[in-house]
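The following pair of complexes shares a single chain, chain A, combined with chain B in the former and chain C in the latter.
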Partner chain A sequence: MFGDYSISDLGAILAMQGFAGLILFSVYVLMALGLAIIFGQMGVINMAHGEFMILGAYVTWMTSNAVQHVAPSLFPGYFFIAMILAFIAAGALGMLVEWALIRHLYKRPLDTLLATWGLSLILQQAYRSIFGAREVGVELPEWMMGSWQATDAIQIPINGMFVMALTILITIVVFYILFWSSWGKQVRAVVQNRVMAGAVGINTEKVDRYTFGLGCGIAGIAGSAFTMIGSTGPTAGQLYIVDTFLVVVFGGAASLFGTIASAFSISQTQSTLEFFLSGSMAKVITLLTIVGILMVRPQGLFALKVRK
Partner chain B sequence: MVINSRFFNRSELLGFLALAVLLLLILPLSLDIFRLNLVAKYLTYAFVGIGLVLCWGYGGILSLGQGVFFGLGGYCMAMYLKLEASSVANTKIQSTPGIPDFMDWNQLTSVPLFWKPFHSFPVTLLAILLVPAFFALIIGAAMFKRRVGGVYFAIITQAIAAILTILIVGQQGYTGGINGITDLRTLHGWDIRTDHAKFILYFVEVVLLFGCIVAAQFIRLTKLGRILVAMREQEDRVRFSGYSVANFKIFAFCAAAVFAAIGGAMFTLEVGFMSPSFVGIVPSIEMVIYTAVGGRMSIFGAVWGALLVNFAKTSLSESFPQLWLFGLGALFIAVVLAFPNGLSGIWADHIQPRIDRLLSSRKSKSAAGMIADGAPAE
Partner chain C sequence: MSDETKPGLKSPLRRKLLMGMAALPAVSMLGRPAFADVPATSAVNTTGLAVTDSEVTVGILHSVTGTMAISETGSVEAEKLAIEQINAAGGVLGRKIKFIQEDGASDWPTFAEKAKKLLVNDKCAAVMGCWTSASRKAVLPVFEQYNGMLYYPTFYEGLEQSKNVIYTGQEATQQIIAGLDWVNKTKGAKSFYLLGSDYIWPRTSNKIARKHIENHLQGCKVVGEEYFPLGSTQFNSVINKIKLTKPDVIYAIIVGGSNVAFYKQLKAAGIDLSKQTLLTISVTEDEIDGIGGENIAGAYACMKYFQSLDNPNNKAFVPAFKKMWGEKTVIGDVTQAAYLGPWLWKLTVEKAGSFDIDKIAAASPGVEFKGAPEGYVRIHENHHLWSKTRVGRAKADGQYELIYETADLVEPDPFPKGYQ
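The block that comes next holds the complex of A and B.
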């Protein structure tokens, strides 16, 4: 499979596929960060996570349309407004869902999976009724189009670089919130020992609600980023949900660092294989490898050592 | 808890008889062949549901990959039927006559090796049972021996369903791709497309279904079934008592896989094709939905769940295609939140006691009447 390419071609291919993998990595990380917070920290399996992402994507699409019609001069910067709105919309819906649904199911993790699957069906149909079954795409502002010519053979699209920068920024913010802010300390305390955390005066119900909201909000931002590189349809979220769960489980459920590492390795494997094999075979081999590794090492790459 | 030594207790016997009357008498007499064929299609999911009751309700192992086994059973049957349908005489317009049409379209010139055994009917029947069981054995052994359970097992089985779908869709030449294996005609020389054949197939299926119900009931009532329940409630204690928890889980998972595969094979016969859209994540979760709605702890509940949810799906999506997903989603949330034991739970908690009370009050009245009647004669 390498025979037809010269060494320098191969280098360029690897670099560009590597970069394409990095864009996939960005979407995975943004999706998986939210999921890792919800699943790893709270033990809730949110099958509707993809639909929260798509909500963010639709919010971005609506914002771009609104800005174009109302204030075209702001259009180059609309993305930042859209991102904030997407975070708020997805986060608010997340908190509502936590209040109405999830909080009744904390003791039955498998049932959260079934209930959120029902929720995802409802949301999908809602998107289809409101926005139509056709996929929509946003128009990119001028400065995000085009690509940067790194060498003669290597081209890197600017929107991809932007999405990556955004991912890094959001990851840093999430780490800051969870590991340095006092609210993050409360979240981690609740995760480690719910009863004791409640005994020392932490309002565990409130912490749960905001944690779930934060996870869904990040999914909303992931949706915003997703519009930069793909088009949005009512069922687009479902395509990513299994991959994202595998990313989280593969990384070790309670470890955010593991999530990032596994998102990186999975996306790179997939996009590099995609060039040499067909897309579907690349995906099959990647997924099979993950499932194989998980069978040998069920706790994932980076497992926290805790006594249960 | 008193261990009932009888195979079916009174209410189970009633449930069995009610189902038998409905499926063997009422439905065949009242429905035309098109609707009866639809019922037959719904019932194929009841096989999956029975398996899920054993492995999820009793064993506590939630598999989100039952579509894999349904599909394997269905594809095994479809491969046999397809080979029979693509005889040299039927396919003489192809560039290579005698091979399935989709292989010809994909420039294959001979039947691949793994298709060869499916020329023989007995081998096919064996494969329908053994291939899924073998798959389940590998998956189960790899996971349960390492004590992977609960949520992780659910996610990994879901990933396996995704992998198999992508593989089937991607390998068009070998599997028929996204369209699946279509244009199936005869089973061992017997045309399965006629109304008469569909009528007979329906009864074959119902008999098989009752066979599976009895088998599941048998598993449930033996010591093995009780160990499954014990495992679900307190896995460690069962392990400390010296039982190999993993082996019991593997057995339950394999049994569920075989039930699902029988359903899949019947599906191919009833519907006349098999495609990856019955294998993947969405159908697998829908199968869990049917079971949850019917009642994850009740074998009969699973059959009713498969029948009712699918009936609702057909009638709602015929008249209100927009509403169907809302309804299904809401139903699912409601079942999980309010009625974790589904329809059979509602029946057992609310309807059964009333019937009992009605019956017992009538009995005590008539008993009182007899005494009253008897008194003056003395």
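The block that comes next holds the complex of A and C.
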């Protein structure tokens, strides 16, 4: 396959392919973080995760339209405003959903699957009624499109680097919140022993609500960022949900480190295989490998040792 | 046989309406007084279809909910417009068209069930519907069993022909061969990279494309062929492969949300479509709405219709469509093909002088529609349409600019010899 190409050509492709893998890694981490918090920390199987992402995408679209009409000069920087708004909108909807639906189901984790699946259908139809059945095109500022010419032959997509930077930032923030802040300690306490946490004076209901809101808010940011690389339509969230669950489950449901490790291994496998095989075959082999590993290690790559 | 026999129709308003519709595809009515005699229902409907002295019922069967709603919305809109225009022009054999709309909900068994309902309960004289091949395959046995008539609008992979279906979109060879010939001749393209979503239409189409490239184009070769699962959103790896192999033409048949991801990432990776030739058969104006014109500007698409076509029929059609469905709506290839459905049915019924399905099926070959927005179409013996193949180039405003069209109508060939 490589007989006809020069060494420098191959080197350039190798570098670009490395970046392609890292970008895919960032995308996976970004879409899985919110779910990892909700599924991992709270045990809620949130099938509507993709719809929260798309809410973020629609918020971005609306912000872009609004900024273009009201203050066109701000357009180059609107994306940052849009991401904050997406976080607020998705987080607020998440807290509302937790209050109205999820909190009644904490003792019945499998039922959360059905309830949130129903919710995802409701949200899809709501988007369709509000924004129309067709996809909408989110216009991006000029500086976010195109590529950065590292050398003559190596081009790195700017939006890919943007997603990488964003992923690193959000991961750091999430880790800070969960592992260093006092609120994070409360969250982990509730996860480990709800009754005991309540007994020492932690408002478990409030912790639950904010945790769920945080997870959904991060999904909103992810959705907003993905307008750069994917489509925005009522059912576009469905495109992400399978990969998202795959990353979280493979990593070990209760471990954020696991989520990152699994996103890394899946993305690298996928992007390397995609380069040597066709897209569909790469997916098949990746999935088979994951199934194989999960058969040996049903708890995923990393699992907390919890006394059951 | 003149207007005098029907006093009610002498009203100036009616006349004005008729005059005003000169721009409409009303050709078939010009030759005779359309309202003068309404044939007796018993004579034109011998099989118990939903036809009365003043009304005839047809069905519209598309997905307005679920994943496919994105694509099928345009078809529903076009069919409703056509029905409204036909009614304003006097209806079919003097009868107004009433439509019953059912939702296939992007679910193939639901399509079959609703098709049965439209045929058995509602006795629809014709059904305009379906979009994906999967939905068409699901309803086909129903239409054949209960002897209904389906007008199917989408360009598709071919390999099918039924007495009970009129295919108003292109079958694969009509969409592929002329486009490849064009890109080979005018761009001097020798190497092709074939891409597609992983299901029957892209695979069959690429198979035809590959055969044509390897067997019929001098010195041309396929340097890569790849498929991605429906809904894939990551194309960076394949884009790197394209950079490595440097094909003259990227031939892309990617559909749905993947489309948006593909073109955005192609642009982000620094592939400039004004320099790299890309030919697609899956991106209409509808899809560009989601992709964003600035991301796909410069790409070539091979279709039979573009919204920007400059002919009198289209100049009347586009404003009428926008007036009914909003200034911002765009019209893609399939939307136009869906618009043909009700008109072709009307013309066929009038040619047959009957609503009976068997008579329509027999009368269909040779029916011509001179008012088609794409120009002119004629139904072939195999129930597909003779139509021209066109190549357009995407502009940043989301419209295509016509670059090339075949001189003659291209014959539909759903079972192409040497291409399977």
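Note that the second predicted complex is superposed on the first by the 296 of 308 C-alpha atoms of A that agree within 3 Å, B and C clash if a C-alpha of one lies under 4 Å from a C-alpha of the other, contacts with A are read in each partner's own complex, and residues count from 1 in each chain.
Please note the rule applied: contacts are C-beta pairs under 8 Å (C-beta built on N, C-alpha and C of every residue); 3 or more make two chains touch, one makes a residue touch a chain.
Small disclaimer: the values here were computed from a predicted structure and weren't measured.
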item: Partner chain(s) touched by A:A199 [first = chain B, second = chain C, both, neither]; value: neither
item: Touched partner set for A:A71, first chain B, second chain C, both or neither; value: neither
item: Partner chain(s) touched by A:H104 [first = chain B, second = chain C, both, neither]; value: first
item: Touched partner set for A:Q125, first chain B, second chain C, both or neither; value: both
item: First, second, both or neither for A:L169, with chain B first and chain C second; value: neither
item: Which partner, chain B or chain C, touches more chain A residues; value: C
item: First, second, both or neither for A:A133, with chain B first and chain C second; value: second
item: Partner chain(s) touched by A:K283 [first = chain B, second = chain C, both, neither]; value: both
item: Chain B and chain C contact sites that coincide on chain A, given as residue numbers; value: 125, 128, 238, 278, 280, 283
item: Chain A residues touching chain B - in the complex, by the definition given at the top; value: 43, 45, 101, 104-105, 108-111, 113-115, 117-122, 124-126, 128-129, 238, 242, 245-246, 249, 278, 280-281, 283-284, 287-288, 290-291, 294-296, 298
item: Sites on chain A touched by chain C in the complex; value: 5, 9, 13, 16-17, 19-20, 23-24, 27, 125, 128, 132-140, 145-147, 149, 155, 157-160, 226, 228-236, 238-240, 270-271, 274-275, 278-280, 282-283
item: Touching residues on chain B, where the partner in the complex is chain A; value: 62, 64, 142-143, 146-148, 150-152, 154-156, 158-160, 162-163, 166-167, 169-170, 281-282, 285, 288-289, 292, 322, 324-326, 328-333, 336-337, 340
item: Touch list for chain C against partner chain A, complex; value: 64-67, 69-70, 73, 198, 225-229, 231-234, 236-241, 243-244, 256-261, 264-265, 267-270, 286-295
